[in-house]
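Each of the two complexes below includes chain A, the first together with chain B, the second together with chain C.
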Partner chain A sequence: MHRPNYLAVFWMFARNSLIRDMTFRTNYIIDVIFGLCWALMNLGFYTLVYRLMYADGDGAADIAGWSQYEFFVFIATTILVNSFVEGFFMANAEELSELTRTGGLDFALLKPIDTQFLVSLQRINWSAIPKLLLALALLAYSIPRIEGLTLHPIQFILYPLYIVMGTLILYSVMIGLAATSIWLGRNQSLYDFWFYITNFSRYPMEIYEGSFGSPLRFVFTYLIPILVVINVPAATLAKPLSDTNWPLAGFAVVATVGSLAISRWIFQRALMSYRSASS
Partner chain B sequence: MSVIEIRGLRKSYRVYQKKEGLLASFSGLFRREYREVNAVKGIDLSVEKGEFVAFLGPNGAGKTTTLKLLSGVITPTSGEAKVLGYVPWERDNDYRRRFALVMGQKNQLWWDLPAQESFQLHQKIYRIDPAAFKQTKDELVDLLGVAKLLGQPVRELSLGERMKMELIAALLHSPEVLFLDEPTIGLDVVAQHNIQKFLKHYQQVRGITILLTSHYMKDIAALCKRVVIIAGGEIVHDGSLEGVIDRFSDYKILTVDFADDRMPSDLARFGEIREIAPPRAKIEVERSQIANVLTNVLANYSILDVSVEDPPLEEVIASLFALTEKQQNESKESNIAAAAANVAAAGKN
Partner chain C sequence: MLARAQIWWTIFTMCVAERLAYRGDFVLGTTMRFLPMITQIFLWTAVFASSSNGKLVGFTRNDIIAYYLLTMVARAFSSMPGLASGIARQIRDGEIKKFLIQPIDLIGFSLLARMGHKLVYYGVAIGPFALVFYLCRGFFPGWPPAEYLAAFLLSLVLSFLLGFFLEASLGLAGFWTLEISSLLFVYMLFNFFFSGHMFPLEILPEPWRTWVGWMPLKYLAYFPAAVFLQKIPADQLWQEVGVLMAWTTFFYFLSRRLMHAGFRRYSGYGG
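On to the complex of A and B.
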């Protein structure tokens, strides 16, 4: 009875955020436009790359084994995961260092509810929705154009599941980095680090090869598992199911659970050392 | 059993001592000097159910730190505390559902939204029964007279109005223990008075335990029978407000209205003269001498009116703060002197 109803609280966050977004209409519209521009520019860039490759080669262009429409699925997956991270977590992680610096975290700590939940989800960013729709449209456009692809029903289940897992991995890295601001008083730069490393997740993992690529691939698959974030769901949908995919797909589950556990540990430790700020 | 039990509570911080200037900032990158700040230096206190206790002390005395420790916002360096039987910094949800902290200088309501949206969020977070929620909210809104402001974004409220909303938000879940950190700071006299009146009424009706910090003596005089004075992280007085005067001031103020404008010139023999505005004179008289002086004055001069009063509370407390600070500095210096002497002695050996 006395456990808070997390779903009801989450719904309240979403509702209040929407009311707030609607108050600042112009701001909301600008957010939407810039978000869409970012996604479309990404898409346009790779369309150009494939055009160039078609022009150069024998008519079968691919990037590290990804044909154009397969790669569009990859991009759609990037946009999709990105819109989830932005929609749920990004504004909150950004806010965390501010809350630490001003002592606003005090109030979060007073509430009879999980502090990490409260801090991670209190601002829902509704301007991420158009981006999400764009990603879905891109999927609908690209999938029928992939040669020789017939979708198995299980792929419809696995894809959303891996999208959620990918989102959770990115969230874990994000909140883990942001939580260090509690430890260090304020450290915005460590949170900015998230943008640098997650850049690596936006490309097919096959490109990380050779004496430079292989170590990178190892680090970003097993230590900070951001390479599985986009690669696993995208491959699940765009590539035929094969024996070589399964180990990585299995590992993605482990990586998600592991990332969440580690980031939670960091968050809890950070809270213990919270110093608050002068009143 | 006491609602609040504190034993030997200590909190110290390590603070980076930044030197002035750019060059010093660079050297600070490699070698840092830290200073240990003892915000709370071993406090013992117990508070019974239904008490309304004031924490009084100069800035930086450790009042807010103590409230934050009791709220579980920060963890102590050492010592124990129990509130309602819980150790605050374990942050048990059951504990967090039973107390509230209001800070006059911070705000927990959603800045861009009307306060009522934040109230609803609280209902969900604290899982308050909808009927009870409505009843409590209506009652509080009515008592504080803010019904018309519920739909206005918090950022458009005045400071006093916002403070009322903060109080409502904090009281919606009917806490048994309430920590108030300078709830009237920056408010005008009317708003201060309204909040005082509300707190007094609410505390009497609900019988909850309240710990209040304030700089306004009026707040404290109006609300609290028990005053705990903290200075330099230690408790220097725990008792009634009147007790402060009895204990820390050894004089009274004698005001004499003479029958004509010709004031006697030898008033200084009775005590220090505070003010002379013929035909009135105010003299500080030692407490033990007050009866003698009064007889003497009445016998020797023609007097229209006379009154004996305690010195103003603010004054007593200000001098008390100054005294404590001086003592603490002296003890610090004597420690340093002792240490220096030890070093010198060691050098000789």
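On to the complex of A and C.
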């Protein structure tokens, strides 16, 4: 059987989505503005919090060992990873439950291409791009302001790599959740679940400590590895390289491969129980 | 008069029944809504660990946690999911015509429907809320004095009305623009930041603090919580409740004006 050229197909998806986005230009611009506003408001909130911590007189301001500009790198990383997930996968995962409900998944199954690839990447959301630029600007602003940080070239190589891995872990969680809509017929609270689970990943993992925090940290690091998603890349760039970080950095690689494999398995199991919706 | 009351009662019971149909989903949804509280507790514990005297803008860590929990109560009253977009949709697809023909008032009907939904919501949500508040009781400084408690309860009811008339006004703007989703998004953005949902408004620097102090948004989340925690000075308490009443009255009249003006310019065709 002829094997489709996945790269060419992906390119076509991206092109079509761009044409679509540019057709509804006002909508695109509004999406961009709101995306940026949310990100800036979040940044504004932490600026206020750090301002308060400085103002209380003892001169120290850090959240679980993250100084202001280190934390800004953390936020930039959050924006980066989330815009990749939103840009590539979010709209598609949402669409999957709709496809299941309406029976449109039939058409995806008929096409001579990997179904998971098709349903995961059909629609690229270009309005995430400006947020990427915002995140890069934030990195460029914050990194020189972190005291005593000298970057090693390897950090510049590792950072993008871990961003990609973080994106893939989140993708796995997302497609795993979306696949459950094939089982359940409908999964309206997918977004909610997604929001509540990823909510844990948006904060430095060091804040989870104590008799309740430590088990929580363990679960969300090693069982559902969402704490790895932002924390590992952010620490790679914002903190000096240290030997103590290697175990977690190594685990991130294992976690990425593992999550992808498990989500692929879940997706295919879910497909097998797809019964189509009669028209 | 009696016939009229009967109509309202029928509408109300209908909406209650409609809402009860999805109660399972409800319980799960409400319980999950508390999950972000867990990260908030850890986050603020870490923030306060860096503070030398354990206080920021007059809040201790426990105050902040209690504040977030209380804003959830306030928002259970003031948030109106789908109200504005629902009204705008009815205007767009012509469903609004039924209010022109039937002897039912659009705003009155929506208000009763909302009350029905909210009552069912409280009936179901009280379980998860009670559980979480019981588990988190250590964060609270204790019950406020009777005067504050009365102001708190009153502000909850008023925040429901304010939220309702404010969002109804937004939805009625649909008579003029049809598509109000961008308007709603701007509102949502401001609401999140300036209602006190995201943080206690004391954190804002001047002049923002003063501006936001006069805006209606703060009554939707910040104010009831701040009253419960006695962050409002006693001499300003009833003055603030007065401002809340004024805003509620303003949006009541605004929504009615918008509805009548809208009906005058509305033209429906076909179906």
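Simple rule for what comes next: the second predicted complex is superposed on the first by the 275 of 279 C-alpha atoms of A that agree within 3 Å, B and C clash if a C-alpha of one lies under 4 Å from a C-alpha of the other, contacts with A are read in each partner's own complex, and residues count from 1 in each chain.
Quick note on the criterion: a contact is a pair of C-beta atoms (placed from the backbone, for glycine too) under 8 Å apart; a residue touches a chain by one contact, two chains touch by 3 or more.
From a predicted model like this one, the values you see are computed outputs, not experimental measurements.
A.B. asks: Of the partners chain B and chain C, which touch A:W38 in the superposed model: first, second, both, neither?
C.D. replies: Touch partner of A:W38: chain C, not chain B.
A.B. asks: Considering only the touch criterion stated at the top, classify A:R51 as touching first (chain B), second (chain C), both, or neither.
C.D. replies: A:R51: touches chain C, not chain B.
A.B. asks: Could you tell me if A:G213 is touching chain B, chain C, both of them or neither one (first, second, both, neither)?
C.D. replies: Touch status of A:G213: second partner only.
A.B. asks: Touch check for A:S276: first (chain B), second (chain C), both, or neither?
C.D. replies: first
A.B. asks: Touching A:R101 in the superposition: chain B (first), chain C (second), both, neither?
C.D. replies: A:R101 sits against neither chain B nor chain C.
A.B. asks: A:D192 in the overlay: touching chain B, chain C, both, or neither? Say first, second, both or neither.
C.D. replies: Touch partner of A:D192: chain C, not chain B.
A.B. asks: Identify the overlap between the chain B-contacting and the chain C-contacting residues of chain A.
C.D. replies: Shared contact residues on chain A (touching chain B in one complex, chain C in the other): none at all.
A.B. asks: So in the complex, which bits of chain C are touching chain A?
C.D. replies: Contact set of chain C toward chain A: 25, 28-29, 32, 35-36, 38-39, 42-43, 45-47, 49-53, 55-57, 182, 185, 189, 192-193, 198-199, 203-205.
A.B. asks: Using the touch definition up top, name the residues of chain A that touch chain C in the complex.
C.D. replies: Residues 30, 34, 37-38, 41, 44-45, 48-49, 51-53, 56-58, 60-64, 188-189, 192-193, 196, 199-200, 202-204, 206-209, 213, 216 of chain A touch chain C in their complex.
A.B. asks: In their shared complex, at which residues does chain A touch chain B?
C.D. replies: Residues in contact with chain B: 1-5, 8-9, 11-13, 16, 19-20, 23-24, 102-104, 106-107, 109-113, 115, 118, 272, 274-276, 278-279.
A.B. asks: Considering the complex alone, what residue numbers of chain B touch chain A?
C.D. replies: Touch residues, chain B against chain A: 13, 64, 68, 71-75, 91, 93-94, 96-97, 100-101, 103-106, 108, 110, 112-113, 117-118, 120-121, 124-127, 153, 181-182.
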